[in-house]
Amino acid sequence: MLTEQLKTILEQVKSGDINISRALEKLRVLPFEDLGFAHIDHHRQIRCGLAEVIYCPGKTTEQIIEIFSKLAAKGNNVLATRVDRDVFEALAETKKFPQARYESQARAIVLEQKKIEPSKAAILIVTAGTADLPVAAEAKVTAELMGQRTELICDVGVAGLHRLLGYTEKLQKANVIIVIAGMEGALASVVGGLVSCPVIAVPTSIGTGASFGGIAALLTMLNSCATGVTVVNIDNGFSAAVTAALINRKIEQKV
Amino acid sequence: MLTEQLKTILEQVKSGDINISRALEKLRVLPFEDLGFAHIDHHRQIRCGLAEVIYCPGKTTEQIIEIFSKLAAKGNNVLATRVDRDVFEALAETKKFPQARYESQARAIVLEQKKIEPSKAAILIVTAGTADLPVAAEAKVTAELMGQRTELICDVGVAGLHRLLGYTEKLQKANVIIVIAGMEGALASVVGGLVSCPVIAVPTSIGTGASFGGIAALLTMLNSCATGVTVVNIDNGFSAAVTAALINRKIEQKV
Amino acid sequence: MLTEQLKTILEQVKSGDINISRALEKLRVLPFEDLGFAHIDHHRQIRCGLAEVIYCPGKTTEQIIEIFSKLAAKGNNVLATRVDRDVFEALAETKKFPQARYESQARAIVLEQKKIEPSKAAILIVTAGTADLPVAAEAKVTAELMGQRTELICDVGVAGLHRLLGYTEKLQKANVIIVIAGMEGALASVVGGLVSCPVIAVPTSIGTGASFGGIAALLTMLNSCATGVTVVNIDNGFSAAVTAALINRKIEQKV
Amino acid sequence: MLTEQLKTILEQVKSGDINISRALEKLRVLPFEDLGFAHIDHHRQIRCGLAEVIYCPGKTTEQIIEIFSKLAAKGNNVLATRVDRDVFEALAETKKFPQARYESQARAIVLEQKKIEPSKAAILIVTAGTADLPVAAEAKVTAELMGQRTELICDVGVAGLHRLLGYTEKLQKANVIIVIAGMEGALASVVGGLVSCPVIAVPTSIGTGASFGGIAALLTMLNSCATGVTVVNIDNGFSAAVTAALINRKIEQKV
Amino acid sequence: MLTEQLKTILEQVKSGDINISRALEKLRVLPFEDLGFAHIDHHRQIRCGLAEVIYCPGKTTEQIIEIFSKLAAKGNNVLATRVDRDVFEALAETKKFPQARYESQARAIVLEQKKIEPSKAAILIVTAGTADLPVAAEAKVTAELMGQRTELICDVGVAGLHRLLGYTEKLQKANVIIVIAGMEGALASVVGGLVSCPVIAVPTSIGTGASFGGIAALLTMLNSCATGVTVVNIDNGFSAAVTAALINRKIEQKV
Amino acid sequence: MLTEQLKTILEQVKSGDINISRALEKLRVLPFEDLGFAHIDHHRQIRCGLAEVIYCPGKTTEQIIEIFSKLAAKGNNVLATRVDRDVFEALAETKKFPQARYESQARAIVLEQKKIEPSKAAILIVTAGTADLPVAAEAKVTAELMGQRTELICDVGVAGLHRLLGYTEKLQKANVIIVIAGMEGALASVVGGLVSCPVIAVPTSIGTGASFGGIAALLTMLNSCATGVTVVNIDNGFSAAVTAALINRKIEQKV
Amino acid sequence: MLTEQLKTILEQVKSGDINISRALEKLRVLPFEDLGFAHIDHHRQIRCGLAEVIYCPGKTTEQIIEIFSKLAAKGNNVLATRVDRDVFEALAETKKFPQARYESQARAIVLEQKKIEPSKAAILIVTAGTADLPVAAEAKVTAELMGQRTELICDVGVAGLHRLLGYTEKLQKANVIIVIAGMEGALASVVGGLVSCPVIAVPTSIGTGASFGGIAALLTMLNSCATGVTVVNIDNGFSAAVTAALINRKIEQKV
Amino acid sequence: MLTEQLKTILEQVKSGDINISRALEKLRVLPFEDLGFAHIDHHRQIRCGLAEVIYCPGKTTEQIIEIFSKLAAKGNNVLATRVDRDVFEALAETKKFPQARYESQARAIVLEQKKIEPSKAAILIVTAGTADLPVAAEAKVTAELMGQRTELICDVGVAGLHRLLGYTEKLQKANVIIVIAGMEGALASVVGGLVSCPVIAVPTSIGTGASFGGIAALLTMLNSCATGVTVVNIDNGFSAAVTAALINRKIEQKV
């Protein structure tokens, strides 16, 4: 990609179509757009098959709407995460994006402008408890916007092992599994021990006392004695889903 | 239990009552029920003599009521912990469980549908200060729902040792003692040094500054130089009570 | 006990056998012995059915031998923990305690002078990995000196769940179980979910990186979503064994 | 697999080849072997295409040799990690495994008894500094024993960005990349921003002062703002390699 | 004191005024009073020359008023700390303690029923910044209720050293000094280096970012290279004042 | 300065203009003013070319207005940081400082009474994301009140490296650069590797989960492998700006 | 003191004995001596009644001997702390200080050149266990060099409360008490609750697992609910002793 | 610089001197050299006026010598930090760099091949104690190799303030100051309050107990209430010196 752009510029220099100082300028012109407070990176869409995601904490409603609009204007799919419903309502009032929808459990705004063909295999999303569902919802919304089918198995924490073992075969057939657990986070190790595909572990901030807002689960997962387990940040369903999607797309030769 | 179930299935296979693929299916059918967002584990009731407890943080009011209803429908006793009164009021509005009551200090909903015969010996619950009472209340409600009598000795922290020493004989006769303390949590060591029964220590998040929400008390208790002291998570009156009840029931041969 | 002593003194006062100032002195004379650097507490033996344990870190070889000798002189059983073999050899050179033996895996000196009748039920000691064996050995030596039979199940960590599940029935019949695990420490939750007896969890300092010398396992165990799990300090096989023995003796009515 | 085994047993019951109590016994016989101190899990080899790995810390030389021998006896490939050369020398003295070799930078013993066909695509292993090489070596040895070709790009930390950018195209063509970095660990974010394949980040304990033995790098990687980055434990080249291999094998349809 | 009580009881036994079982009961009757949720310790007043302090966090308004009333009924001075004005207003509505007053900066309720003669020397209370004043106010109110004169020097943090040095002589004449500082807490070391009396350092939770709610200041003070500096918990003006008062009273021979 | 003052006093003593005890008094009179709750340090203005800054957390509105008024009365420029708009409105109601303005993104009150000549070179302020803008705004307001021109480059985090590289030349020409980043904070290392001027890194509390309110970014920056990077406290745009201004003024010979 | 020096200089200026620039020089000449690597502060001896203490960690043997010699040359008493015996032997080889002695348990070198009259009241030093004795020894040596008598009560930890209670009257008569405890550090709270004099708590690094090298005991002591307890750094027997001595000297009017 | 290189390549393309694919290759050829295990970055020397520094921890002696040799071969000055004397001796045995010297206090190897003209103003290096000297030595060696004169003021910690104040004028004339302090690290705040130049604070790992290997000092410095203070990593004298040199060179217009 970069090679292509460089080649074109060099050819224009060679042919005299552009002079050297113009070439230098062009070399510096990269495919991003400046809004004053945010650089929008359209290039990213091309590279990852996913629209730029707007991570909303710390941004004002006005900033979110402006970034959203710029991104949507290119016809791409757009995902805004960790965003309250009132931001969505402010966006809806602009009446510019009637297809945009708010996913309340995931706390995300989704705009699907491009039809995405679903993957053959589904990404399994497994949660230890009911309280882990919001993180699972963020993972689900993200994965689906990247063209992935998903399947949710929830409330199968290790304190009731038979609940999990009922899904053994389904787990063993998966291409990639996202395991979401708070409290002691032991589910990732147990699932990791049952399967031979990559397991992406998401600690959640569910729990009290010495769970320290997810640190206990995070440490459990990092220290997992099961192989094939990697970890993302606390509550980061988004990041787990992107990685799972990248893996599944590689496997299904979509990339 | 599991052996029994396996045996039955094998006998049915042998007798030709069921074919092999049906047997395989049966082997996978475990006694849990799927609500979409939560697996309810009725089996647990049989195993522990306690209804499934609903740990409420992170669950919506709708989810709590649905789980509660499913569990109650089997005629079991039900305990919902860490739950605000408004959830109880929403449950009360369904008018389905007139015997359910809200224990405000313990922040618990209790539904006693089955008569529980009380234990002979009481579990002693000892607190260092008045501010530790909510944790003691959670322990009390839990133990009682497991058929345990309880006795509360409160505000006997180590800074006024004579208050505690007045109870020495009572302490020395107990089968098991729950010690609840915040701030520096030294009470568990002192009680542990006075008795020869197991002491279950519960650090509480009471305190300011370098008490770090209960970590100081937790560390104190983990490092106790008294023997027979084990520790549960910060503020976890529920877990202490379950363990104390399991011990007392073993002793009274109820199990 | 204390009541008995008080009563005797009061009777002696009443009968005029002793005068008041002598009574006051006697009230202050408690059954401990002063070595200058250590108070030896013979009373403890009576109370717990276990000789005073010598926790050796920070004590000089001379101090250990002197305390050991005083304790042994009363005919009690003696246990010295966390002690290197060279201390044992120095003790052996005194030729005073020919029956004393060194348990190298447990790093303990054991002197059995009184015959201890073994418990009916064995305490189960379960370890996640081979590297947890030294902690298990300390637990075993301690429990046995308290008259407990023990049974060891080792290397059944959660990454290979079928190894553990092979012992399900044995686990479900136990009075009390000690679970020893390092790395992510998830074994305690899984065992706790399988049984209805108290589980005493011992985190070990086995592991690297973010296991932080056992903190990861400790947090996992404190946050266990399984009921009936209590926790002792990192690597503290001794403390777990004492608590398990106190529980089992209460159950077998030996106390 | 498990289904197959169950099916066979059920068929034998049906046909009367075995009686029910024998069937129950068989159901409990799982493919692991008990050495007294360690359960060896041959099943694992079948499931993951990798011999059981012996994680050596906390194990005695005798234990390591015994486990190694049992595993090797089945004809599998064997990998022992975090092991000093003197253990290898003790193993060599047994003269039982002449093909075993010691990889000193990786601190691993490798026994290749089965020919492994190499993957088409190589796993890229990228390090920030020269001091990260031992972790890279562990990853390399592991991946290769799982049939993966590897390619190493080292000392391309972010303080000299042009060094890394020289490899942009190679990075963008990879199926999966392992990024190994200590100190501030920023390399994972920068690589993650350049590529659209999964990046497995390994924090290393390289660094001084507030690097806290790798915690700084670990936190950096967990908080990476680049998508597709997941993290394993500090210095855990082994775990990163297994996950990378699982991904690449899925992609190359070997599984 | 205790000796006196014992003596009296023994004499009553000897003279036959009371029988032995009555004596045993009396021995167990200690000078504390039980409110159900709190043991009130009147004895404390005698011992320390200060009424029982009510530490209010975690107590309900009703509990605070009941404890307050019991304590006040004996004619003692009463201090309630960390209490909001609405609790004071509820107390005021009872119209039982018209002399009680609310100290809003200190967040304390004070009831002076006994005239306290002021100390000759004043306790110096030195703060680093204006924002440390609430902690200083708690110290002042506490010390004064213990009969201590106080003198406040505020906003003399180390970044403007000349402000502090203007008070050098006053500092050097003090019997005891309380130093209150947040942010980096360096003031305690500097004051400690200037004087030869005990300095009690109080870290405050003032500061942002890596001040971690007072931990930075706490560590600074614990590591002070100046001699004579001891430390109390974060924001604990009360504890510093009590210790300072105990010291000053010993010096002025009031005890 | 101090030398000058000392010299004058000594000369007055020598000439007999003042007697010795008057001289001693004068030596103790330092150029600060006492408000009861705060020492105002006018001297500071002379020394640093910046009015005393009022750090507002922990101060009441009344205290802030009183300090502000005293400082402004000398004709100096005044900056109040970390202050809510309602404090500004209370100040505005006094109608004493019509030129004072509220900078809402920076949460600062600014009063420019003295014309400040702008620096020749601008301080570059570089942020990783849009959410880091409030910290950048505090830095900008502070630097400008110290007579520094500033230039803002925002949203150039390392996950999209080409956005940053477009500014390489501008970065390489700067005298001093402030880099502001949350989440993993890697931007400081990358900028530090591109330039040869001092880089002042400001970690921000932006991020979730294991970013721990800015600690992850702080550690990243402290461990930066790039040279010339120093660090200030989390979110401390003010401190970064003052240091940057001190450096730039030294370079432009204004000091 | 400082006032005296200033006065003298001013008088010399007035009388013309010295000129102004000489006076300025004199004002800058403070009573410390520069060794190139260390400023020796003889003034301190005058101020605190204790020779400069040499804190030895991080200093070379040569540096220690040189500082020691300079200090001893003035005829003062000298104390070197945290120093190994080989440094003492190197000092002894110089044959300059035949009265210097090495206190091996305290790891201190002591040189008493000036006769110190002992205090009337002894400072009580109380330890929880035998392993805390080295810290007690450092406290003892320090206090005695400051003219304090000391009395040691050791091995009276809270797990055997009757051992401590035997000393109640002695504790209640003390002017000041040093409490030294590792593991859970609860002894300080219990002692603090028994007495009405200041208690200086010293956490020790004794303990394993979650004692974290003394942090558990430190937090326990900081969070003590007993009044009159202040805390010094982990293992800092020296600092506790200096503070205790300062207090006792104030009480005995020696200062 | 980069612009220059790009320009040259473009001109060669234009003139036909090189064809496009050659140009592309050249664009990828950056001025670094690959040793297999380390990329050597000669470019850095040009950019910063300092040879590449070899940070030695984690590198083998062979690797250090090979990197050293490559760097020295270009005629540049070379600095190897955190390196033991035996590495220097191995280097000396190669007899290739007779001018290389070992700085033992700084633990550095220095090779000065190019004459460096010293700066006009000296960088002040101020330490709190004698034990901080090794860090000061690393700073000194580094600064001098960057052409900076240095001046050392040592052992002027805040507990003896008069020692520091004797240097006030020298401090106030400096362009930039490095403050090195362990234990409580308060020196940086005090110096920062005295001067109006940038202060670079280096926490050191000197101290015991709750100094946590330098964390206490680090937090103190980050929370400094003095303006103009920035912080580098614990013990990182090198990094402080580089930043100080970059600042001083900017001021003296050498860059």
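Per-chain residue numbering starts at 1, and chain names A, B, C, D, E, F, G and H are given in the order in which the chains are listed.
One rule holds in what follows: a contact is a pair of C-beta atoms (placed from the backbone, for glycine too) under 8 Å apart; a residue touches a chain by one contact, two chains touch by 3 or more.
A quick note: this is a predicted structure, and the numbers were derived from the prediction, not measured.
Within the contact network of the assembly, the step distance from subunit D to subunit E comes to 2. In terms of residue-numbered contacts, E-G and B-C present the same interface, as over half of their contact pairs agree; the other options in B-G, B-C or B-D do not.
For the pairs B-C and B-E, the count of C-beta pairs in contact is higher at B-C.
Mean C-alpha positions place subunit A and subunit B at a centre distance of 38 Å.
Centroids of subunit C and subunit F (each the mean of its C-alpha atoms) stand 59 Å apart.
The distance from the centre of subunit E to the centre of subunit H, with each centre set as the mean of the Cα atoms, comes to 50 Å.
Separating the CA-averaged centres of subunit A and subunit E is a span of 54 Å. Multi-chain contact residues of subunit H, defined as those touching 2 or more other chains: 3, 55, 129, 160, 209-211, 215, 218, 222-223, 225, 227, 233. The full set of touching chain pairs reads A-B, A-C, A-D, A-F, A-H, B-C, B-D, B-E, B-G, C-D, C-E, C-G, D-F, D-H, E-F, E-G, E-H, F-G, F-H, G-H. Here subunit C touches subunit A in the complex through residues 128-129, 157-161, 183-186, 189-190, 192-194, 207, 209-212, 215-217, 219-227, going by the rule given at the top.
Listing the residues of subunit C that touch subunit D in their complex gives 129-134, 154-156, 160, 162-163, 165-166, 182, 206, 208-211.
Subunit A meets subunit H in the complex at residues 3, 6-7, 10-11, 13-14, 16, 20, 23-24, 27.
Only residues 28-32, 36-39, 41, 43-44, 55, 57-59, 63, 67, 82, 203, 205, 213-215, 218, 233-236 of subunit A touch subunit F when the two sit together in their complex. On the side of subunit H, the complex with subunit F involves touching residues 1-3, 47-50, 53, 55, 168-169, 172, 175-176, 196-198, 200, 218, 222-223, 225, 227-233, 239-240, 242-243, 246-247, 250-251, 255.
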